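I have a structure here, written as structure tokens, and I will follow up with some questions on it.
A, B, C and D label the chains in the order they appear, each numbered from 1.
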Amino acid sequence: MNTFGRQFKVSIFGESHGESVGITIDGCPPGVPLLTEDLMTDILRRKSGAKGTTPRIESDLPQIISGVFNHKTTGAPITILFANNNIKSKDYSNLLKHPRPGHSDFVAMKKYKGFNDYRGGGYFSGRLTLALVAAGSIAKKIVPHITISAKLKEVGGSKNIDEAVQKALESKNSIGGIVECSATGIPIGLGEPFFGSIHAKLSQIVFSIPAMKGIEFGAGFFATKMTGEEHNDNIIDETGKTETNNAGGISGGISNGNDLLFRVAVKPTSSISTPQETYNFESGTIETLLIEGRHDTCIALRVPPVIEAVTAIVLADLSRIMIDAKL
Amino acid sequence: MNTFGRQFKVSIFGESHGESVGITIDGCPPGVPLLTEDLMTDILRRKSGAKGTTPRIESDLPQIISGVFNHKTTGAPITILFANNNIKSKDYSNLLKHPRPGHSDFVAMKKYKGFNDYRGGGYFSGRLTLALVAAGSIAKKIVPHITISAKLKEVGGSKNIDEAVQKALESKNSIGGIVECSATGIPIGLGEPFFGSIHAKLSQIVFSIPAMKGIEFGAGFFATKMTGEEHNDNIIDETGKTETNNAGGISGGISNGNDLLFRVAVKPTSSISTPQETYNFESGTIETLLIEGRHDTCIALRVPPVIEAVTAIVLADLSRIMIDAKL
Amino acid sequence: MNTFGRQFKVSIFGESHGESVGITIDGCPPGVPLLTEDLMTDILRRKSGAKGTTPRIESDLPQIISGVFNHKTTGAPITILFANNNIKSKDYSNLLKHPRPGHSDFVAMKKYKGFNDYRGGGYFSGRLTLALVAAGSIAKKIVPHITISAKLKEVGGSKNIDEAVQKALESKNSIGGIVECSATGIPIGLGEPFFGSIHAKLSQIVFSIPAMKGIEFGAGFFATKMTGEEHNDNIIDETGKTETNNAGGISGGISNGNDLLFRVAVKPTSSISTPQETYNFESGTIETLLIEGRHDTCIALRVPPVIEAVTAIVLADLSRIMIDAKL
Amino acid sequence: MNTFGRQFKVSIFGESHGESVGITIDGCPPGVPLLTEDLMTDILRRKSGAKGTTPRIESDLPQIISGVFNHKTTGAPITILFANNNIKSKDYSNLLKHPRPGHSDFVAMKKYKGFNDYRGGGYFSGRLTLALVAAGSIAKKIVPHITISAKLKEVGGSKNIDEAVQKALESKNSIGGIVECSATGIPIGLGEPFFGSIHAKLSQIVFSIPAMKGIEFGAGFFATKMTGEEHNDNIIDETGKTETNNAGGISGGISNGNDLLFRVAVKPTSSISTPQETYNFESGTIETLLIEGRHDTCIALRVPPVIEAVTAIVLADLSRIMIDAKL
């Protein structure tokens, strides 16, 4: 469904080529200073424009329409809208008969009986991550002691990002990448067993972002090649600091006071500028499809601020849920 | 929290060394034939006993105490209990001052102010997966057209599982492994965007299982090394069947009718039989800790039926949620 | 929180004197014809203008910004906004020091540490019911076999509504009233025990409407004066039709196929045009407060379409939840 | 569904004539002293035995099977079971063809396709309120500053309870009653708008109790006969204390620091010892049904501790949810 979180809860809506995308945040404490400008730092980091990103340029100006009064949050739901301005008026109905490989076109048509807004991916579009980024900026404000940082570590299997992107652009193909996120300053105790552990909630929201194919915490998949002796993080002081951090800051699903660390796998952009052989549901034959229009050569370039945002949302939610023993 | 799912919902409870572990299933349709024996197949697959698993042997007999009448489900909540019988009466209180590396001992003590049941990991114990397996057996019954199969693919980085386990046993160490799960017969359309996509819900519940450190769908992390042309799964017939299955059966977070495919990384068991240097909170110094007692050398050996169970729970839940356009 | 419902779920936001009020509906099936005009019938019924209602006139034009494509719902979240246009720019800050009797001013200030938007009641304003009415119009479309009708039965204890309102107006006072709601065409089986019974969910949402002080189903409070023999509704045919309907169409918390029937108590409007003695938190003394501005003499006049809307929301949600025995 | 609450959450299960009824409480803070004896006070108040209550006598001994260690709560889910011992082995299958008036027999059969456990009402039985009472006793412990008191005020329209019950017994009929509940010591600010207001949550859980037909807060239905001037509660000191309490301690859906006050209408017990004319689904004719067995002449006699329990559950949950402005 369109809602995530319990005590810091977000509800998302909108489509790529509809009037707006937006998000409502419920559970933000009152009194948090909030100007639209405060949201712009992360929004600009997510924006396209760099080499390898889509030429669709949107102003991405947030409009806060509720929950803020005298430049401070009120405790009531905060709704933020982003108008869709730069919408090409081309005909997308071709997608219904000849769905694009790797996209949601086919399943969305089936699931929604053909009534889905298929233009630019509709509700499945990466454009909705803009709303997540705005919510994340607010989440960051309510866990000010936590610093979250996500970085693109490699693309197309290469650590030389510029070169790999340039090569993909030239070959009219696309590439994916790996984004690593760390967070420092996390108190011990975030995460609610059994089903609300910190990595469970993080992975749920990470896989809500389009194009994600994997997530691993700490040593992750490499941990399967280690022995217990190598993998165990031994505590070295009374704060619970560990000598190594193979666990990625999580023990028993709960933050252990060490840095949170995880990596996500971003698939290559599904839209490519080379022809593809795929099924045409109208003709009933496999035909060549050439996808026109604007798209990111490497969507992974724009993912880091989105990963930071969803991490902040989870940490803000878990912080507000944490059980207090005081009676 | 202790609840997962919306229309097929499970609520879990119990501790390793308490009286019982158990689970309540709400939303099971009425009229499903259900005997305790039906639950035993998967329970026995999860059971210890093989080389590399713990010598703690439990009868693991399920007791269905509600929701079943005349050997059929009634539509009311189904509660299943498993008594804990084989509990060693040794003193576990040492864990509070000298927590075991890799375990939840330290964070649980901090989060629950020292009131947690620390014996055998308490609420954090892998013993609770027994309850998940029982719920999974019921979930499988309500999606009978789907076949789920999880297999251990490698341990300690080796494909020769027996040999690797034997070696770890001999060296009094532990190893992890990779479990692969596939599911066939899934209809198109399971998964509820934005936050309830099929991989989002699967990953949430997978990370609720102790010892999980990573998950990847389809080509997963390897997808980051592929081009879009290589990674895209081209549709080849009118059912939506694709030539390749790099997406692991998921498009836009929704099942696309091809086989669901994912892999999980299981860390090496935290308890090992060799001494470890770690912090003693009472003495305030780093000391050698030797963990006595029974434990699995390779917990990954027992994970496949648990992964199947949680997969069945997610698929049952999403099947019951799926929006029907009929008015 | 700001969300209600499970399979037909609404999330509300906005303030009386903010930019807009609005609502997001998640779980509406795809393919439902929806024009903004479709929403106007109920919106106009809720509108002020009649004698005894506030002179604040708003255009109340709904703006559907997501979830509708080609005049049909898409299955994605539907967000509807209503701009607040007719906002008097007067200074409301006096409310903080001298809260209005019967209003939320005092508790909102305390709960939200003085950061709440207090203008016109802010998030607590009856203006948010406009958004509920819009959602209710959509809900009605997805349970087309059900007819819901709410009527004002008495005001100020009198069945002569016009006369009683006129008298209250003349005395610069306010009055409440009783609204009765019935719904026909309800299938047997709506309502999910234990906590999601039909009257449980109805009462929860009814009490979310400002000014509600009581609710009773069927014979309601009068049932406490009847014997079991008098109160029991005996079934008279194979459809489950009962001779009497003291139960108000509900047995065991589940719709029984007879007409749903309930009554709600609406308190007299808190704002009155006569001076009131109440505490001034700045001066620390009890002082006379005269509330200026526009208000409804009898808010109950405008309640029936709101009651119908929330009833439709509950029935739509329960209809979509109802367990289907088909495997 | 079977779950209520968010931060102090209960999940209920069991049937009247199954093996047990029980409840799981999630979100109880760690360190709360808890013995089974602590639960007995309220359990004994709910017990039958007095004139006008059922002769079915159960031991009602709670068994705490998880979440408590060393006589204190651990922070993990607490599950409490009550065995059903005194079950008459008579044949209840007659209920399927000739459902009892006023009971859930008919709707349960329809909703659950005939698979429901119909013995003694099954999951719809008042016996499940025993589990609520146990959860309520725990809830009371975590809001120790609040005192909740529910009393039976009248039965069958009479304030002379003993006499009215005696008369109903003699006439082999049944009667209902009105229970009034007040709670003192409630802090200002409990209740979460828009849909989680204090009276919304209270009414939801009250209507989950079998036999409830109405609820009113403060002046309730009588408020509809008052003017605003009469009804408004004027604040008289800096704590927010009001001169009158027509609002029942609730402003804008939030506790205002004055006593919470509400009344509930309990219908006459559906089972009576006189013959009733009702439909026989097997013969297809209206026939005389005589209900044999044990039942309460006036179930309202046993309702006060149940009302207290659900009130405590709501107050505990809202207390733990309350937004804290501290960042």
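Simple rule for what comes next: a residue touches a chain if its C-beta (ideal position, glycine included) is under 8 Å from a C-beta of that chain, and two chains touch if they have at least 3 such contacts.
The structure displayed is predicted, hence computed values, not measured ones.
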Any chain in contact with subunit B as well as subunit D: A, C
A-C or B-C, whichever has more C-beta pairs in contact: A-C
Inter-chain centre distance, subunit B versus subunit C - centres from mean C-alpha coordinates, in Å: 44
Inter-centroid spacing, subunit B versus subunit A (mean Cα positions, whole Å): 25
Separation of mean Cα positions, subunit C and subunit A [Å, integer]: 37
Overlap residues in subunit A, where contacts from two or more other chains coincide: 1-3, 6, 12, 27, 30-31, 75-76, 111-113, 115, 123, 193, 323, 325
Residues of subunit B defined as touching subunit D within the complex: 1-3, 9, 11-15, 18-22, 24, 26-27, 30-31, 65-67, 69, 72-79, 81, 111-113, 115-117, 119, 122-123
Residue ranges of subunit D in contact with subunit C within the complex: 1-4, 6, 12, 99, 101-104, 106-108, 110-113, 115, 121, 123-124, 128, 154-157, 168, 171, 173-178, 188-189, 192-197, 199-201, 203-208, 210, 212-221, 223-238, 240, 246-248, 251-256, 265-272, 274, 276-279, 281, 284, 286, 300, 322-323, 325
Subunit D-facing residues of subunit A, complex: 6-7, 27, 29-32, 75-76, 141-142, 144, 193, 321, 323-327
